[in-house]
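Before any comments, here is the structure.
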Amino acid sequence: MKDDIRTILEGVRDGSINIEEAVLAIKEAPFTDIGFAKIDTHRSIRQGVAEIIYGEGKSAEQINGIIDAMQKKGQENIMITRLSEDKFAQIAKDRTITYHKDARIATTGEMPRPSGTGKIVIATGGTSDIPVAEEAAVTASFLGNEIIRLYDVGVSGIHRLFDRLDDIMSATVIIAVAGMEGALASVIGGLSDCPVIAVPTSVGYGASFEGMTALLSMLNSCASGVSVVNIDNGFGAGYVASLINHTKDPERITKA
Amino acid sequence: MKDDIRTILEGVRDGSINIEEAVLAIKEAPFTDIGFAKIDTHRSIRQGVAEIIYGEGKSAEQINGIIDAMQKKGQENIMITRLSEDKFAQIAKDRTITYHKDARIATTGEMPRPSGTGKIVIATGGTSDIPVAEEAAVTASFLGNEIIRLYDVGVSGIHRLFDRLDDIMSATVIIAVAGMEGALASVIGGLSDCPVIAVPTSVGYGASFEGMTALLSMLNSCASGVSVVNIDNGFGAGYVASLINHTKDPERITKA
Amino acid sequence: MKDDIRTILEGVRDGSINIEEAVLAIKEAPFTDIGFAKIDTHRSIRQGVAEIIYGEGKSAEQINGIIDAMQKKGQENIMITRLSEDKFAQIAKDRTITYHKDARIATTGEMPRPSGTGKIVIATGGTSDIPVAEEAAVTASFLGNEIIRLYDVGVSGIHRLFDRLDDIMSATVIIAVAGMEGALASVIGGLSDCPVIAVPTSVGYGASFEGMTALLSMLNSCASGVSVVNIDNGFGAGYVASLINHTKDPERITKA
Amino acid sequence: MKDDIRTILEGVRDGSINIEEAVLAIKEAPFTDIGFAKIDTHRSIRQGVAEIIYGEGKSAEQINGIIDAMQKKGQENIMITRLSEDKFAQIAKDRTITYHKDARIATTGEMPRPSGTGKIVIATGGTSDIPVAEEAAVTASFLGNEIIRLYDVGVSGIHRLFDRLDDIMSATVIIAVAGMEGALASVIGGLSDCPVIAVPTSVGYGASFEGMTALLSMLNSCASGVSVVNIDNGFGAGYVASLINHTKDPERITKA
Amino acid sequence: MKDDIRTILEGVRDGSINIEEAVLAIKEAPFTDIGFAKIDTHRSIRQGVAEIIYGEGKSAEQINGIIDAMQKKGQENIMITRLSEDKFAQIAKDRTITYHKDARIATTGEMPRPSGTGKIVIATGGTSDIPVAEEAAVTASFLGNEIIRLYDVGVSGIHRLFDRLDDIMSATVIIAVAGMEGALASVIGGLSDCPVIAVPTSVGYGASFEGMTALLSMLNSCASGVSVVNIDNGFGAGYVASLINHTKDPERITKA
Amino acid sequence: MKDDIRTILEGVRDGSINIEEAVLAIKEAPFTDIGFAKIDTHRSIRQGVAEIIYGEGKSAEQINGIIDAMQKKGQENIMITRLSEDKFAQIAKDRTITYHKDARIATTGEMPRPSGTGKIVIATGGTSDIPVAEEAAVTASFLGNEIIRLYDVGVSGIHRLFDRLDDIMSATVIIAVAGMEGALASVIGGLSDCPVIAVPTSVGYGASFEGMTALLSMLNSCASGVSVVNIDNGFGAGYVASLINHTKDPERITKA
Amino acid sequence: MKDDIRTILEGVRDGSINIEEAVLAIKEAPFTDIGFAKIDTHRSIRQGVAEIIYGEGKSAEQINGIIDAMQKKGQENIMITRLSEDKFAQIAKDRTITYHKDARIATTGEMPRPSGTGKIVIATGGTSDIPVAEEAAVTASFLGNEIIRLYDVGVSGIHRLFDRLDDIMSATVIIAVAGMEGALASVIGGLSDCPVIAVPTSVGYGASFEGMTALLSMLNSCASGVSVVNIDNGFGAGYVASLINHTKDPERITKA
Amino acid sequence: MKDDIRTILEGVRDGSINIEEAVLAIKEAPFTDIGFAKIDTHRSIRQGVAEIIYGEGKSAEQINGIIDAMQKKGQENIMITRLSEDKFAQIAKDRTITYHKDARIATTGEMPRPSGTGKIVIATGGTSDIPVAEEAAVTASFLGNEIIRLYDVGVSGIHRLFDRLDDIMSATVIIAVAGMEGALASVIGGLSDCPVIAVPTSVGYGASFEGMTALLSMLNSCASGVSVVNIDNGFGAGYVASLINHTKDPERITKA
């Protein structure tokens, strides 16, 4: 921004810009300058690229309204998370939109081609963890990542995990999704040498306390390289994994 | 009991037992009959065989007194648990007694020869879990079991565990000792086909909550065959494992 | 396996096996060798013997599909746990299958004859704990164990427990099922001299915290020989008890 | 109160009371009327009878000062709770005072003769619970009750409890003191037909959570007639038990 | 029993009773003797007097069956707790039975005349606590106690409590029922000089944690004389209060 | 801000400001503009008026350094909170400074004269709560408030609270400091009609959980007008109370 | 009141009031005098001004009855909180009453004109927090306050908060409403210099524990000047804020 | 592996390898094949590059022994974490080793030159969080990363954070270290567009529960891109951040 302001100031000094015009130009600058606009640009995933709507607690009408507004601005790639099948049915009446049932996510436009450094491996302990894993998988796909799914490889059938050791060893980042005791994150953390995002799920009963046990277990992982997101937060894991998988790319996910 | 009472009654009829004596004998019969004596015999590990003293919160003087009383009754094999090195030094002044430093256990007499069905494998996640594992190991040894130690085989160095797969596969019962996230119990439970006694330890920091996380994790193990004892309860694990390893022997540990 | 590999190698040396055949034979060996196949064989209870399906969260269609596949492979004895009466009705339309209503378990084939060391005693504190106890009882029966039921013998009617003291004294392993304060496990642990598997139940209200109080209580039992499984985990308790009751039998439950 | 006010008003009318005095008198009337004085009289245990000082967090000097002040007012029977041996030594220098070491209580004057309806039985699960039990015992003795001690009768040695069944059956009120899983309260509640005051203690380790497990267990007792006080609150239990044991006596403990 | 046994023994000595008859007579004695029968007699509230059925989790059919069996044995006074209005309607079809709607209790027979030492005061913090208070009130009435109700006298309208100070001062035992922060128990404990049974209720929201906050608050009451029962346990409070109110009566509630 | 920028631009146009200076000035403008300077001015309590140092975890040397720096800038009124007596002794060697022992606060300069709307009443449940209350009292005094202390007026001696009803009724804001069950806040909230700041203290034992019970209790107060600060946070309560007591004064505490 | 009593007394002295009349007048006075009536007057918001009914758990019939009674006494301004739309529909049949849908509050009469010192700013982290914020807003409006709404200004879109910095800087008191991690309260507390009332909401999932995380977070705010009310307690926050905003006004909210 | 086995088999056929050697080689092949050697190579950070020793719970002698062994193998770069100053003094007697006092880390050899993608920014809420931040900083430096420190930029002094917005905007990965309410992670997450690793610290008191509040707060961050490690786990955060900062480099940290 310095250069922009310098240019304006030079215009003022030279008389090519009058003071009123300069005041106006600079008045709009602060937020751009201190990064707010930049933040906004980054955070909302630039117009024409990708937008994310959190569907929980919004009515089909509200979501329709938001999509309409976005599409009017030219946005083609929109993702709606935590969207029930019922609401999707209402939304899908008048538009072209795809529903990812397990993930409870709807997307418009085409999924982007993978643009990240490498591959994101998503592993689950059991079959009940798959919806959370799929939320992560669809999120990361939507943000331009190649996904490898290793489902139902929990420690009670640990040989299935070892059958896929090559995938684990070659991942850029791994998302480990597990409920109950959440041991999968530690086992994968002990085998791999890339960042592992652990996602506790609310799968289990009794002393699983709706995911709390898996969460605590993952936070105490004796394997280095493991960090944790909230219970059932597949979206968050997919988002972080995408950020990591786009680390070197200076434009990161905004280019997705 | 019927026969005992019949004998008493016959004595009363014959005049060889007076009524006051008979009243007393019969009043005490119910407890004898319903098995308390039997319980007592079983539970205290018959005189001349083995006695266990919980050392925590007892002074060296108190412990000395108990040992003296037991030895007077002919008891040779005595085990004192949770005994600090300081107290042991005071107790060891005037008697022959062995201190198992890591286990914080003292024993008198010779360790019995193993009498169980098979072997008890004791595994730990890390080196900090060894004191709890040793409490289990010395307890089980004292109760007549052969022990195999697999220490520091936690999931962050999971290949060390696989190096000892033969031991795990051939165990009669396994004690899995681990702090932090306690994933070791699940991994061993997923590999073995014998009962696994999981012992959470207070090893860890932060959200390990002094063993609570490992405890909850172990209770939620997705591997079948795992049951759990209290945090740091190496003695309890060794005791249960010994009971299991003596299952077929009708006299069980009382013969140890 | 060493012998198998040795035979192959001898064949290679002798020229009776060509190298391509040997590579193929050995390539399949590793998992067998290091125990994974052995694990799999043990864990899934060998084909033709017994299979267990966790019914929770699976649709009737999915369960039907799994049963069909198993039966095609010749599996006669299949157990489905946590199965609602509704789903059972759908499954039972086209096949011969038995529903154990209290236990919420369905089984195909005939229950095996008991093959364990002794008897498994299953006790409950109250009548509300019976469903969890039945899950344990049917599981253990299905795995080849003789069961003795002592229901509604909680400490508020402790004389009923004493009426059955002989059963308690003669058990090979006892499963103590109780909600509320879970004192039953301690009382039974104080009377018996065999392993006690404690199962906390979610029976209770207020500060029972859906089984948490019973769970904590059981973990802190002052009676030795008690280990604990997850809240309401009747299946787990029946499974562990069966493992213990088959301790001496080298083939264990796989022969059931 | 009406009469008092009428008297004041008549004084005003007669001129024998001036208005300022009357305003003050009437302003203070409500409190007098609604019984605070009466409360005060009851609560503080009438002068000349008994006074209780909570010693925790008070210095020896402070306690000495309070005792001096009380004794000046003619108070002979003073009890100081939660008093360390060190502080007692300082206090005992210049006065006649008795230290109840296990209870950590000091008392002046003679213990009153029992004045209650019957006997208070105080039972403990183990030897480590004795200090809390003694706090209850000395408190109740000081308040005029006959005490029967049943120590170390926990469920791991349940036959010792049955040996004392007569005491339990004949108690007016029972205080059950136990740590770990606190099952003693339920067992005693299941055997007796009088009020049981349960006192959880902080005895235990790991998942005993410094008395929380025993507390929750006791609150969920399946035996009717059990109510609970705070962890380690021997004083509170002794105080409640004394109130119950003096129920019929209209003057209750204030006469003690 | 001593005398009974003595008589039998004298018969045996005299020859008036043969040994077989004596064995049979004595064989049945033990439980009577050691108090189990006595317990049973006491606990179940002697036949012809009063019986209590816990209705939760029992079907109308089951309850009907139990009532029929009791009435056949001549039992007129039966109380069923935690009984929904629906189930009551089914039960009331074919018999004379009264429903106490707020208390969710049904009773048969006439309520007994009060037989206790004095009066039981039952106070609530708010109107939402009344169902729990009524469970206590009907229970205590059924067990032969005079009840005084002080409802909606919580600390946010503390003057209403002071209006009823006379009732509080003259109670034999007080039941304080409150949710939210449960301060009512402490305020009443600070005003009264009789035992206070505190009943936390699940009334509240947010950080009231369904009664946990009130429970903890009551356990920490700075007022002496307060003991606590489980959350929403009106029955337990009424039962304990009745025991206390019958303290001096040697036959206690069994005579009610 | 517009005017400032206009001035700068005019300077640029006129040549009185060079472009580099202008760039810098404008770059810094946003923060100035959006109020950070204003914030800073308000928050740090303007130089020459009052400064607060959090003493916990800072060495005497570090604190001395900070005081020196402040005093060099002309600051006379400095308050250091959570300061141990030892550290104070070191700090007091070379300067004039006052130690408020109970509050563990040191202050330099003279306490300001009260400048608030009315009076702040600070009440405690017991004597052990006084240190926290004093932290609040000294903080509020230092910020220019008149304080009335009502110590040891907890609900177990509730008449002492009523003796001071006039103070409670006339307060502008009340700070209620209590541990154990924290009922004081509700009682005061029920009596007063001004904002009540509740401060839970860690006073208590057992199920007081170091202030958690008092905290939860206060958050659930059934009396309106109560808000809560962290456990033992006397400083925070004094600070909030001072803000409230200076509400109308547009310059608020910054003028103190 | 002193003056009232004085007047009566003067009347008595003068003979203009006879003693019976004076007794009656004074008999009603005590509560007024000692503040109870004053409390009552203050608390219930004087007749003719404002009344608040807590709608939760009351039927439409009950609420209608209370409103009728109040209106008969001349009360025009009545507010019913926590009122479902269904119940409102029933209540609205026969009377003029306004429903504030988001706030779930109904009000009769006209909203009063703002009478406070300044403005109350109400900010929310997200759109899901709005119902709680509206409960606060309608409550405070009903009590005579001017409200500024800053909704959806949470830290994930922190620039939206900075856009409204002027509102924050000029508030008399701020209510910060947020779920999830509740960081909004700290950020606002760090920017403002007036009292901040933090309201945690139950918005979130997983480890948000229905508002517990936001609650704890707000209690630990590193910004001074923040106090906290119960989870989702918008009414409480609005009430406290109104008290603060009327601080200087000696009659406070009673004049609203 | 095929080729290896083929080679062995050819050796057997040719007679250049005897059968015993071949059995051993093939028996070990599975582990080699499935990657354990590869894992081992990656995980231990290749010899000659870097080794990490967890110092907690190891004696100075033990650590010295490990260092000696490593250095004999040619390892120059060794890092010892959680090392007290005392133990360091003992270790430093006979070798060249550097102590990073705040981080409580010792390192041998020279710190590597940064080899990552970009810069790691480490921010703390307060000064008390610095030790944890330094543990992260030294760890990451030791693993070849460039570090930018932004200390004491918590939300109570949020303008200091905005002064460093450029650093935040240009980071490759940010570590946010904060205790108390942990809001810093959310604020930074709301401003930045790279992965944020949140580290809760045990800084705080009362309801901070030794870091639990900050932990929960961070897990619920409303800002995307935030993942969390255990309380005070600076090492873990530095390790994960280094993995992320080396994402594109196929050899990753093993080359460091």
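Going by the order they are written in, the chains are A, B, C, D, E, F, G and H; count residues from 1 in each one.
Please note the rule applied: a residue touches a chain if its C-beta (ideal position, glycine included) is under 8 Å from a C-beta of that chain, and two chains touch if they have at least 3 such contacts.
On a predicted model such as this, the values are computed, not experimentally measured, just so you know.
Steps from chain A to chain H, taking the shortest chain of touch contacts, total 1. Between the contact lists of chain F and chain H, the overlap consists of A, G.
In terms of the distance between Cα centroids, chain G is separated most widely from B. For the pairs D-E and C-E, the count of C-beta pairs in contact is higher at D-E. Chain A and chain E have centres, each the mean of its CA atoms, that are 58 Å apart. Centres computed as Cα averages put chain C at a distance of 42 Å from chain H.
Distance between chain C and chain F, defined via averaged C-alpha coordinates, is recorded as 61 Å.
Residue positions of chain G with contacts to 2 or more other chains are 31, 34, 39, 43, 156-157, 162, 190-191, 206-208, 212, 215, 219-220, 224, 230. Here the chains touching each other pair up as A-B, A-C, A-F, A-G, A-H, B-C, B-D, B-E, B-H, C-D, C-E, C-H, D-E, D-F, D-G, E-F, E-G, F-G, F-H, G-H. Those residues of chain C lying in contact with chain H across their complex are 1-2, 5-6, 9-10, 12-13, 15, 19, 22-23, 26-27, 29-31, 33-34. Interface residues of chain F facing chain G in the complex, by the touch rule stated above, are 34-35, 38-39, 42-43, 117-118, 162, 165, 168-169, 172-173, 190-195, 197, 215, 219-220, 224-230, 235-237, 239-240, 243-245, 247-248, 252-254. If you check the complex, the residues on chain F that touch chain D are 127-128, 157, 159, 162-163, 205-208. Residues of chain F that touch chain H in their complex: 31, 36, 39-40, 57, 200, 202, 211-212, 215, 230-233. Of all residues in chain E, those touching chain F in their complex are 125-126, 154-158, 180-183, 186-187, 189-191, 204, 206-209, 212-214, 216-224.
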